[in-house]
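In what comes next, chain A is part of two complexes: it sits with chain B in the first one and with chain C in the second one.
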Partner chain A sequence: MSLSGELIAFIGLALVAIVGGVLLITLTKVVHMVIALVFTFLGIAGIYMLLSAEFVAIVQILIYSGAITIVMLFGIMLTKHQENDAPAKGGWGSFSLLAAIAGFAVAVYLGIYNLDIPVQPTALHEENTKQIGIELFSKYVIPFEVMSVLLLVALVGAIVLAKKDDEEGDRS
Partner chain B sequence: MIKDLLHSAPSLLNFGIFFGLAVLLLFVVLGFVTYGILSERKIMGFMQMRVGPNQIGGKWGLLQTVADVLKLLIKEDTIPKKADKPLYILAPVIAFAPAFMVLATLPFTDAFQFADIGVGLLYYMAISGISTIGIVTAGWASNNKYSLIGGMRAAAQMISYEIPLVMSLVGIVLITGSLNLNDIVAAQEKVWFIFLQPVAFIVFFIASVAELNRVPFDLPEAESELVAGYHVEYSGFRWAFFMLSEYVYMFAMATLTTVLFLGGWNSIPFLDFIPAAIWFGLKFSAVFYILVWIRVTFPRIRADQLMEFGWKVLLPVALANIFLTALIKELLNLF
Partner chain C sequence: MTGVPLSAYLVLALVLFCIGLYGALTKRNAVIVLISIELMLNAANINLVAFSKFGVTPSITGQVFSLFTITIAAAEAAVGLAILMSLYRNRKTVNVDEMEMMKN
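Here is the complex of A and B:
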C-alpha cells in the first residue's frame, strides 16, 4: 500500500476516533467524556466521507455530534450528580480482562488480515443522497414509516414521563 | 481553477496551494470582520442619531476595530482558579473551527469557491451545529452561574431554531431537486427563490437571526440579565475567538441567504454586463445591512416567548410550506 493522501487522511481520522474512544473510557469527569465522544463521532464521520458516503457522514455529524451530544450535555449539566467517576480498581480482574482483550484482538486480526472481499464496480458513490432517497421510498417504505411511528411513541413516552415528574414535584 | 485542482493527483504542491488559498480566505474573512464590525457600529450610530466611531483612523474611524483587536491581543489572559482548565482552553477552539469550516462549501461566484460537494446545504447545517457544543462547553467550564445559564440558553435556542431553519429550506430542495449549492444557484437563473418561496424566506431569515444569537434573539449573552452570558469569564484573545466566530457566522449566514434566496451571483435581467462578483457583493451587503438594521430596531424577547415562537409558530409554518410546495409541484407542475 503506497502512501497516498487518502491513507494519510484515514490515519489522521482513525487516530482522532480511537483517541476519542480511549479518552471516553479513561477520563473521570462526565462532561470531558462527552467532549471526547464528539471527537470520536467526528472522526467516524470523516471516515464515511473518505468512503464517499457524503450523506451518511453529514447526517452523522448533524445527529450524533450535533443533537445527541447536546442532549447528553444538557442532561448531565441539569442533573447535578456526582461529577467524578470512581477510578477502576486493579487486581486479578483486570489481568483476565487484558487477556480477553488480547485474545479478541488476535482473533479479529487473524480473521480480517486475509479476508478477501470481491470488489465489484458500483455506482453507489454517485449522487448517493438521491439513491438513498429512492431506495428508502420505494423498497423500504414500510420499515421507514414504522420507524417514524416508533420514534413518535418514544417522544410521547418521554413527555408523559416528564409530566409525571412535574406533578410529583408540585405535590411534595 | 479549483475544479482542476480538485481532480488532479494529490501531491505536496497541491496541498501547498490549498493551504495558501485557505489562509488567503482566512485573511479575507478577517478583513471582512474588521470592517463589518466598524460598519455595524457606524450604521447603529446613524440609526440611533449618534456619530459612531470617529477618532482613530480619520473621520470615519477606519482603524477603530484594528485598535480594538490590538487591545484584545495585549490584554491579560485570565483563567479562573475553579474553572475546568482543559475544557476552558478547548472551548473557543471548538466554537471557532466550525465557523471557518462552513465557508468551504459556500459558492461566492462561479469561479471563487472551494469545495463543490453534493450535500453542501446539509454540510453547512451540520457543521454549524458543532459550534453549539463549544458554547455550551465554555459556559460549563467557566464554573460561573451566569455563563452556565448562558450556555444552556444557547444550546436550547440553537437546537430549537436549527429545525425551522432546515425545514424552511426543504421547499427549495424540492424545487431544485438537489442539495448542492451550485445547483441551487443555477436553478435561480430566471426567478430568485425569494419570489417562489416567500414564506420559506421569512422563516429562514428569522431562524437565521436566532442561530446567529443576535438581537432580538441574543438571550445567551443578554447583558442586562447574564452580564455577558457564556463568555463572562473569558478575556483577551480567547474572548476574541468567540466574537470572531460570531462574526464569521454572520458572514457565512449572509452568504448562505444570498445563495439560497437572492440568486447568488446571478444578475437581474439586462444588467448582466456587471461582473458576478459585484452582484454577489451587492446582495451580500444588502443582507448584512438588514441584519444590522434588525439589531438596532428590535428589543430582546423573553426566553419562554423565544421557545414558544420557535416551536409553535416557525416550525408549523415551515412544515405547511413544505406541504404546499410539494402539492404545487406534484399537482400543478409549476416549477
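Here is the complex of A and C:
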C-alpha cells in the first residue's frame, strides 16, 4: 500500500487516540487521566473526519471533549478522591482479566482482519449535515422525538438524584 | 486502491474497546470507570461511522445512528454522575471496592 496522505493522517490520529487510551490506564493522578482522555476524543473526531462524517466529528468535539469531560471533572472535584488512584492488586485476578481481554481481542481480530467489502463510491462528503438532517427528519422522526423525551427524563432524573435530601419527610 | 481499508478502522475500534474494557474492570475510582465506559461507547461509534462509509450498502444511516448513540452516552454520563454524587453523600466514598451495600 502506498503511503497516501489519508493513510498518514489515519496513522497519526489513531496513534493519538490509542496513546490517550493507554495513558488513561497507566497514569496515576485522576485529573491527568481525564486530560489524556481528551486527546483520545479529539483523535476519534479526526477519524470521523477521515470517514467523511464532518457533522459527527463536530458533535464529538462538542459533546465528548467539551461537555462530558467537564462533567467528569466536576464529578472528580466534587467527590473526595485519593489523589492517586491506587492500582488494583496484582495476582491471579488481574492476570486472568488481562488474559480474558487479550483472548477477546484476538477472537475479534481474527474475525475482522481480512474483512474485505468492495468499496463503493459514496456521496457522504457532499453536504453531509444536510443529508443527516433529511434522513433524520424523514425516516427517523419517531426515534428523534423519543430521544428528546429521554434527554428530558435524564435531566429530571439527574436533578432528583443529586438533590440534597436533608429535610426528611418534607415532601417538597 | 490507496485508501485506508475498513479493517484498519475496525482494529482501531477494537483496541479502544479493549482499553476501555480493561479500565472499566480494573480501575477503583468510579468516575474513571464511567469514563472507561464512555471510551467503549466511542469505539462502537467508530464502527458505526466506518460501516456507513465502507459497508455493503453505504448510506448516511450509520452516522445518524452514531448521533443517537452519542446522545444516549451523554444522558448516561449525567445520570451516572448524579447517582455517584448521591452515593458519595451517603457513603463518603467513590471507591468501587467499597460499594457493597447490595452484597449479602
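By definition in this document, the second predicted complex is superposed on the first by the 155 of 172 C-alpha atoms of A that agree within 3 Å, B and C clash if a C-alpha of one lies under 4 Å from a C-alpha of the other, contacts with A are read in each partner's own complex, and residues count from 1 in each chain.
One rule holds in what follows: a residue touches a chain if its C-beta (ideal position, glycine included) is under 8 Å from a C-beta of that chain, and two chains touch if they have at least 3 such contacts.
Computed from a predicted model, the values in this text were never measured in an experiment.
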Clash-or-fit label for the pair chain B, chain C on chain A: fit
First, second, both or neither for A:S4, with chain B first and chain C second: both
First (chain B), second (chain C), both or neither touched by A:L151: second
Contacts of A:I35 with chain B and chain C, given as first, second, both or neither: first
Partner chain(s) touched by A:I58 [first = chain B, second = chain C, both, neither]: first
First, second, both or neither for A:A162, with chain B first and chain C second: second
First (chain B), second (chain C), both or neither touched by A:L98: second
Partner chain(s) touched by A:F74 [first = chain B, second = chain C, both, neither]: both
Touched chain A residues, chain B compared with chain C: C
Superposed arrangement (fit on chain A Cα atoms) - minimum chain B/chain C Cα distance in Å: 13
Footprint overlap on chain A, where chain B in one structure and chain C in the other make contact: 4, 6, 55, 59, 67, 74, 78, 128
Residues of chain A touching chain B in the complex: 4-6, 29, 31-32, 35, 38, 42, 54-55, 58-59, 61-62, 65-67, 69-70, 73-74, 77-78, 127-129
Residues of chain B defined as touching chain A within the complex: 10, 15, 84, 86-87, 90, 94, 117-119, 122-123, 125-127, 129-130, 132-133, 136-137, 140, 148, 152, 155-156, 159, 162, 179
Touching residues on chain A, where the partner in the complex is chain C: 1-2, 4, 6-7, 10, 14, 17-18, 21-22, 24-25, 30, 33-34, 37, 40-41, 44, 47-48, 50-53, 55-56, 59-60, 63-64, 67-68, 71-72, 74-76, 78-82, 85-88, 94, 97-98, 101, 104-105, 108-109, 112-117, 119-120, 122, 124, 128, 131-132, 135-136, 139-140, 143, 147, 150-151, 154-155, 157-159, 161-162, 164
Parts of chain C lying in touch with chain A, wherever the complex brings them together: 1-12, 14-16, 18-23, 25-29, 31-32, 34-36, 38-39, 42, 45-46, 49-50, 52-56, 58, 60-61, 63-64, 66-68, 70-79, 81-86, 88-89, 92, 94
